[in-house]
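Each of the two complexes below includes chain A, the first together with chain B, the second together with chain C.
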Partner chain A sequence: MSDFLQSYGFLLVTLIQAGLLGLSLYFPLMAGQLSLASPGFYALGGYVAAIMLTNPAFAGLRDTLGNGIFPLTWLAAGLLCALAGVIVGVPALRLRGIYLALATIAFIEILRVVALNLSITGGAIGIFGIPQTFGFQDRWQYLLIFGPMLLLVLAFTYMLQKSRVGRAFRAIREDELAADAMGVPPTQYKVLAFVIGAVIAGIVGSMSAPFLNTWNAKQGTFDASIAILAFVLIGGSRSMWGPVVGGALLTAVPELLRFLQDWRLVINGLVLVVASLYLPQGIVGALGKLRRSPPPSRPPVAPTTDAKGGTP
Partner chain B sequence: MTASLPNSTPKTASRTVLEARNMTRRFGGLVAVNDVSFDVREGEIFGLIGPNGAGKTTLFNLMTGLTPPSSGTLTYEGRPVLGLAPHRVAALGMSRTFQNIRLFRALSALENVKIAQHTRTHAGLWRGIFGANRAEEMQVERRAWELLDLVGLSDRAGEEAGNFSYGDQRRLEIARALATEPRVLLLDEPAAGMNTSEKGSLTTFIREVRDRFDLTVMVIEHHVPLVMNLCDRVAVLNFGQLIAMGDPASVQRDPKVIEAYLGGE
Partner chain C sequence: MELSSFVQNLMNGLAIGSVYAIFALGYTLVFSILGIINFAHGAVFTLGAYFTYTLVVGQFENNGLLKGINLFPDGSPFSGSPVMFGLATILGACAAGAVAVLIERLAFRPMRSRGADPLLALVSSLGVALVVVNLIQLLVGAEIYNFPSDAYGEVQPALSFKIGDKVVIIRTVQLIIFAVSLVMLAVLGYVIGRTKVGKALRAVAESPSTASLLGISVDRFILITFFLSGFLGGLAGTLVGTAFGVAGPYFGVVYGLKGLAVIVLGGLGSIPGAVAGGLVIGLAEAFVPAEYSAYKDAVAFALLFVILLVRPQGLLGRNLIQKV
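Showing the complex of A and B:
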């Protein structure tokens, strides 16, 4: 077992990380918004953690908190990304479809250029020598934080989808104007979906900075946007399992095909093309088609309610 | 508030619910709705007819916040409506259906009706995440089933709305509009695409709905027999202007109306 973890621990953590980033992009999509901003918030979260864990300004805090500094970096990254999500989301979500996607790409580029030029982010060299979370000795130990994070996000997503807020997201995805006319305020929920995605990406970034030991402007670029979008599209954008399956698969396939050497990239590209041609709803979407969901069942009737409901 | 009496006869009810004054909407050089004023009384079924392109749907869009007005006012129970966002109009108690059916097509019939209860429910993000919304969800679920019963679609609650026949989609849209708990219901061509027998039962259905939910109903319709049977009063729009208003029989005889439909010399 420990041999397995020694060899594949890093890969397993990377798979989970890909799944989480896929989920962060899945949230805006749930409300029908094609945003590619996740890598930007991922980079931002990573810088928050890297700075808090290495910058002399935080030395006092690190000494006082000991290992408690790590959860604090997650919290700080989450909060900062929520704030940044609102600031970016409110104007950007006035745009639709491909224009929103372009605006979020611009956001990523701005962050990258800013990070390249600030001294606090270490400029082009970035920040290195980031201490290991909780003093972990081995890469695989990061499963202990990424694993629970994935479960937490999945549980969050599951509950959200069943709730009034989840219904509002779906209504906006289906027909924004009709949703508005039926009492669902679109702007508010689009921003909420965007911010949830931003927070998830930010926290994943803050967990990834110690894992990768170094953080620089190459983290969270436009390339990553496209890769994460591919996770969601190949996995399936209509189920929360889609981004997880897609992220894991697209991260694992190049590794499993390593014996093919240079040919593996060709195979990887081929998988993408074939999947988008034959599985337009993604892998999970195609599997879901095989299994008919049972018809909804009627809840027991309460004697006190009538069809009018509400107050007269 | 006193318990609601068995429905008051609409023709004698006189309290004004909607008051439209000089409503105007221009699209460039075209005046789609031109200086339109009318009152709608509580409990009545108010018809809006007119030739194609007369501005009927634009008027509905103005009333429900989908199109901002150029000028004029509309009050609902004394409160201004024009300029509010659509979801605010819905929260105020006005709900509508669409001429070109705008259901959430990929979602189930049940979910369509559940979504429209948004303004009458309150569970936010965290209550949903921690499952503290059970009682409310139960209520939403029950009410959705009751509304599907009302329109006769509860057998197909789990089916995607987009798969339904035209007539069933129109009925589902009415159920969805009712789920917002409106006091005023605006129906945009509810009979369009229905077959003859469906059209026949529509009059009874709309009356029943009006009585059961104590509604005031505004309806755009082309099918003349339906308008004559259904409506208490009718307003006629032509080129954006109101050219006649009154009970169906006298409007039908109005020379201006005849000219609008058949063309003058």
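Showing the complex of A and C:
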């Protein structure tokens, strides 16, 4: 057992981490909103933890709290990301359509440029020598914090889906105007969904900074956004198991494809294209379909039924 | 600010801004017809630059699988004169347009025909971008390729003139970029506003189902749109590559993201908006004071947030009324 953990502990933690980041994107999607911000909040949370654990300004706090500083970094990252989520979310979520996706791209790019230039974030080099959470000796021990975090988030998701809030999210996803007419204020609920995702991504970031030992501006990039979006859509965006399965699988695929060497990233792109063409419901959706009888077939939706843009 | 540095910044801003404009037009054309954003547009931009470089230089000497292959052992016919260089640029842009058509056939049309979630089109176009970028890296490596200085013949590298006692230097390549972009915009404006093809394109953008009832082949015009979009993207790639070098497979990514800021600033789906947005962002970047130049890349995205707050439909976008 300990041999297994020694060899695969790091990979297992990375798989759980991917699943958690997938779940953080699942919340806005529950309310029908495409967000690409998870890597941004992940990076922000990681910076909060890295600064609190290494910056001399927090030395006094670290001495007083001892190991208690680690849960405090999670809390601080969660709170700060909630605040950032409101600031980014409110202007973008008043609008319908693709605006949130574009605003979140802007958010991660601004964050990246700022992190590259501030001295507190270590500039281009980043922050080094972040102490291990609770003095962990081995990487696999991080399973002890990432594992419970995953269970907690899954339980939270499950309960939320059954609640009034979850039903409001789904109502907005199906038809925003109708939801509004039924007394569900779309903007508030959309911002709520977005902020929940932000908090989860931020906490995962603050847990990951000690795990990776170093933190820099490469942590939250547009590439990561694509990867996380793929976790959710290929896993299945209509079930909370989708992001977890997709995250674990797509994180494992590059490892499995290692024998392809230089062709690995090309094949990875092809996997995205083929999966979105042939698994439109995601893996979990496709498995669910196998078990249920197929629904009555609807006529295919016309390519585009209405003008979506302006006059060219 | 002194007049001379003002003129200098103005020219820098107009040159880069006009490239942003024609690049972002590629996004806008596709968006106005399909209502989706083609995330592979940045990769098409990169490809355009590489295609033109292939024609003009004929070999990639640094790295990759194509190393050692020389297309033109006796020297490239496209190098050495402005006309031939221009021809290579157009051919490169056409090749980029062809790739965009291919992307539409492989990644977008299958989704449309089965009425898939539009979000999936984003993922598949991102997947295509990933494939293109990594193929480039595999074939020619990640090195920067600069166009040789004599590629466009005997052209004076820069013009200088005096304002007061200060010298203002304008690189010829900036003037060329600005002029080419203006010509491109004029041609596009004519095609869309005055010709039958343009009329049909506008009809498809307004309502594909009505357009098809009126006997317009919607699929054909979607292909034309993608070709135009790829052509504009590839042309922008060559222009930037000529000015600053073809900076590796990822050099389109930044432009791809800034292009999104441009179209939101101008108004999603609006052609004059894309032009205005491109120029505004180009100028705003050029006028960032030197001590804050490290933050230059954030300017476009900061403007995007400002516009979402004060005028969400964009500078020139029309206010869409939500229909049930």
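Keep this in mind: the second predicted complex is superposed on the first by the 285 of 312 C-alpha atoms of A that agree within 3 Å, B and C clash if a C-alpha of one lies under 4 Å from a C-alpha of the other, contacts with A are read in each partner's own complex, and residues count from 1 in each chain.
By our rule, a contact is a pair of C-beta atoms (placed from the backbone, for glycine too) under 8 Å apart; a residue touches a chain by one contact, two chains touch by 3 or more.
This one's a predicted model, so the numbers in the text were calculated from it and none came from an experiment.
Asks: If you stack the two complexes on chain A, which partner ends up touching A:L160: first (chain B), second (chain C), both, or neither?
Replies: Once the two structures are laid over each other on A, A:L160 reaches chain B alone.
Asks: Taking the superposition as given, does A:L177 touch the first partner, chain B, the second, chain C, both, or neither?
Replies: Once the two structures are laid over each other on A, A:L177 reaches both partners.
Asks: Pick one for A:V273: touches chain B only (first), chain C only (second), both, or neither.
Replies: Once the two structures are laid over each other on A, A:V273 reaches chain C alone.
Asks: Scan A:L290 for contacts with chain B and chain C and give back first, second, both or neither.
Replies: In the superposition, A:L290 contacts neither chain B nor chain C.
Asks: I'd like to check the shared interface: which positions of chain A are touched by both chain B and chain C across the two complexes?
Replies: Common interface on chain A, chain B vs chain C: 177-178, 301-302, 305-310, 312.
Asks: Which residues, counting only chain C, touch chain A once they are in their complex?
Replies: 28-29, 31-35, 37, 106-107, 110-117, 119-124, 126-132, 134-135, 137-138, 192, 198, 201-202, 205-209, 218, 253, 257, 260-261, 264, 267-271, 273, 294-295, 297-298, 300-302, 304-305, 308-309, 312, 317-318, 322-324
Asks: Tell me, which parts of chain A touch chain B in their complex?
Replies: Residues of chain A touching chain B: 156, 159-160, 162-168, 170-171, 174-175, 177-186, 192, 293-296, 298-299, 301-302, 305-310, 312.
Asks: Which part of chain A faces chain C closely enough to touch in the complex?
Replies: Result: residues 34, 91-92, 94-96, 98-99, 101-103, 105-107, 109-110, 113-114, 116-117, 177-178, 222, 226, 229-230, 233-234, 237, 262-263, 265-266, 268-273, 276-277, 280, 300-312 of chain A touch chain C.
Asks: Inside the complex, what are the residues of chain B that reach chain A?
Replies: Per the touch definition, chain B meets chain A at residues 1, 3-4, 64-66, 85-87, 89-91, 95-96, 98, 102-108, 110-111, 114-116, 118-121, 123-125, 127-131, 133, 136-143, 145-147, 149-150, 154, 157-158, 176-177, 179-181, 212-214.
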